[in-house]
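In the two assemblies presented below, chain A is common to both, partnered first by chain B and then by chain C.
Moving on, here comes the complex of A and B:
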């Protein structure tokens, strides 16, 4: 087998192994899943109580949906790096897997976790929040999927940065907010447009922004990760 | 290319405080290196630099065995056992070893994992979660994990910590076996850990 192909297979096996390690660990400990689930349920309950049957505008409803997703993500998506630091296994992982495999393995884990979180939030939001009606299903699905990927991608690299800080719980949302602002604002706009019944052509600009954001964040993260991870 | 571990004019400082300076060594196959020094002299720092998980302030470390052009080559050639290196406690000893192989991009070999667990006398506990292991059992597991990828260089920081008499005998056997082809580097305060080192770096004299 050529050297390049052998290296690529080895890298792919490492990346999948990082993802599977985190996933099995999560299924046994349920730190992130419990935190995300509890946050979504309690926040939606509070929104329902505070609305008291009233129906806000679509702009407000779209914004509130992403506020729930953002803060729930902040409560769970940092676990993948924070637990390595808390358990003292970061160095073990540094010795076992190449930095790029660690980054993409943990990105994959956060993408799956982020997708689960978004799906749970959207389903509960659609069932329990009155007035939240989607008209353009395709545009809505694209906004949710791309917004979730952008949120998870940025959250992953920020988690790697804050994992060694003493005040990681506070630092994570504070550092994440300005970086996530472009993806949140665009996702909120696209969600509102989907509720109002927009066409793919009208929402095209929002999707271009979201796709560009994902490409830039993942590329920059890949290039910077080794420096963040090593020392 | 022959196996060789070289440190060239290594210096490390934390916030302007110099831990050590002008540290150089050159070890070839079938030879051992002892890193000595009092507490705080920088033994563990030098070990981390040697293993490629910490960058030195100045100087270089090279490990020559074969030039694959792989940026992760140092880590592939080293097996480390150290008090600050932890294993995944929610998994069993066997799962930790399988994960260690797949994380390195290899196909898991159950026979190799079982053989190493037998070598460190942990085979009867192979499916128990590591969370329930004593500190000595965890230290034995670290040896199995350090050897799982057949590294040519074995790096040991405080190699006998938490081990009982049987564990110490197992580790001495592992060190002797490894010196038949590879290199052993030991950082310790206890000179009996490595009876007759071929080379020694005394960090007390390198401040």
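Moving on, here comes the complex of A and C:
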């Protein structure tokens, strides 16, 4: 079936093109990257000031890590859609690429941005926060990676909604939080388990929840994106 | 008209039965409730608390249903129905939360314990709040309808994690949670005698009818307002 194959290849090409376009324009201004980076740094120093040398329990530390990641994500992950509206380029993009390609291109961009953000947070957190000790590294890595993917997947579709509403900044965390709560709670639990040294088999349930959440959200977003995107 | 009178009689009967039937150690007739250790008179909350929680979930799915229908048919009246259902859902959600909180203070010792089911009703409240915040942020009618429909669907596919799965797999204070000696699962079989079950299901049925009545009233009012505005 050469026709199907050709259209699939074209779709893939426009997805990658959307991703590369966002990536290049991001590298030109570095708006989201610097906003996210500075957000992580300020929040972490804020936490360090308020801890004042105390070492809280692992439960608190695991929760705080995801608080930083969540709010940092909320400050930067909506950019990819909001800039299209601000620059007035969404019409052009609608003409150039099919909605699903736009969605997956933007999702890819947010996944990369989210991965960078979580990596930065985790590294800084491990270096500067005393008492944050990871025992099972594999479980920890899986919790961070899956949590980051779930966070980016859900924030992408909410960003698409937010970009079309009149208030672009303030509503974003309000709309995202209830949708993201399953991810955050499971990721926090899995992180805590990793710090306490839980084995793969014991933490398996958390990863099943995270993976099914990601599949459900991406599928629903893919099906619904066209309605938000087209005028 | 007739069914509304019947509904009134039914709800009156439920209220009388729920409050007046005596609680005895060994119930012999349908008009007596069993004594449940640790609950005693406080067991009566089940006749009102559970139906309100049930309606807040049902209204949520009604809203999603009309949201999907709006996206398919682009009929603005479906959006009005969707927001009418969400408004009712918010009200019943607040009722379930407040009744539960007052009850929890007397039975479990504090107003809020972060029991999985409390978490799930809290998330439902947040979603209703976010839904109306989103609606007020968009002025163009069609856009508002589309965005809120999409949001309600996204919420509906993620929320079952909370309302249906989490309270069952996690240990908690509500009946039906994991570790409950009566077993995890639907709470229907939970320690209820025949009389209690009869009153409970009648109450559930009557509340559902009440919801349908309120829903049709709200939709009628919203439609009238809409036609009035589009004319003037």
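For the reader, a short list of remarks on this structure follows.
The rule is simple: the second predicted complex is superposed on the first by the 230 of 231 C-alpha atoms of A that agree within 3 Å, B and C clash if a C-alpha of one lies under 4 Å from a C-alpha of the other, contacts with A are read in each partner's own complex, and residues count from 1 in each chain.
Following the convention adopted for this analysis, a contact is a pair of C-beta atoms (placed from the backbone, for glycine too) under 8 Å apart; a residue touches a chain by one contact, two chains touch by 3 or more.
Just so it is clear, the model here is predicted, and its values are computed rather than measured.
Once chain A of one complex is fitted onto chain A of the other, the partner contacts of A:87 are limited to chain B, with no touch recorded for chain C.
In the superposition on chain A, A:125 contacts neither chain B nor chain C.
In the superposition on chain A, contact of A:104 is made with neither chain B nor chain C. In the superposed model, A:13 makes contact with chain B only, not with chain C.
Of the two partner chains placed around the shared chain by superposition, chain B is the only one that A:21 touches, whereas chain C remains out of contact. Contact with chain C, but none with chain B, is seen for A:177 once the two complexes are overlaid on the shared chain. Contacts of A:228 after superposition: chain C is touched, whereas chain B is not reached. For chain A in complex with chain C, the residues that touch the partner chain are 154, 157-158, 161, 164-167, 171, 174-175, 177-179, 181-182, 185, 205, 209, 213, 216-217, 220-221, 224, 227-228.
Contacts from chain A toward chain B in the complex involve residues 3, 7, 9-14, 16-18, 20-21, 24-25, 28-29, 87-89, 91-99, 101, 230-231. Put simply, chain C touches chain A in their complex at residues 71, 119, 123, 126-127, 129-130, 133-134, 137-139, 143, 146-147, 149-151, 153-155, 157-159, 161-162, 169. Those residues of chain B whose C-beta lies close enough to touch chain A in the complex are 48, 51, 53-55, 68, 70-72, 75, 78, 80, 84-91, 99-100, 102-107, 145.
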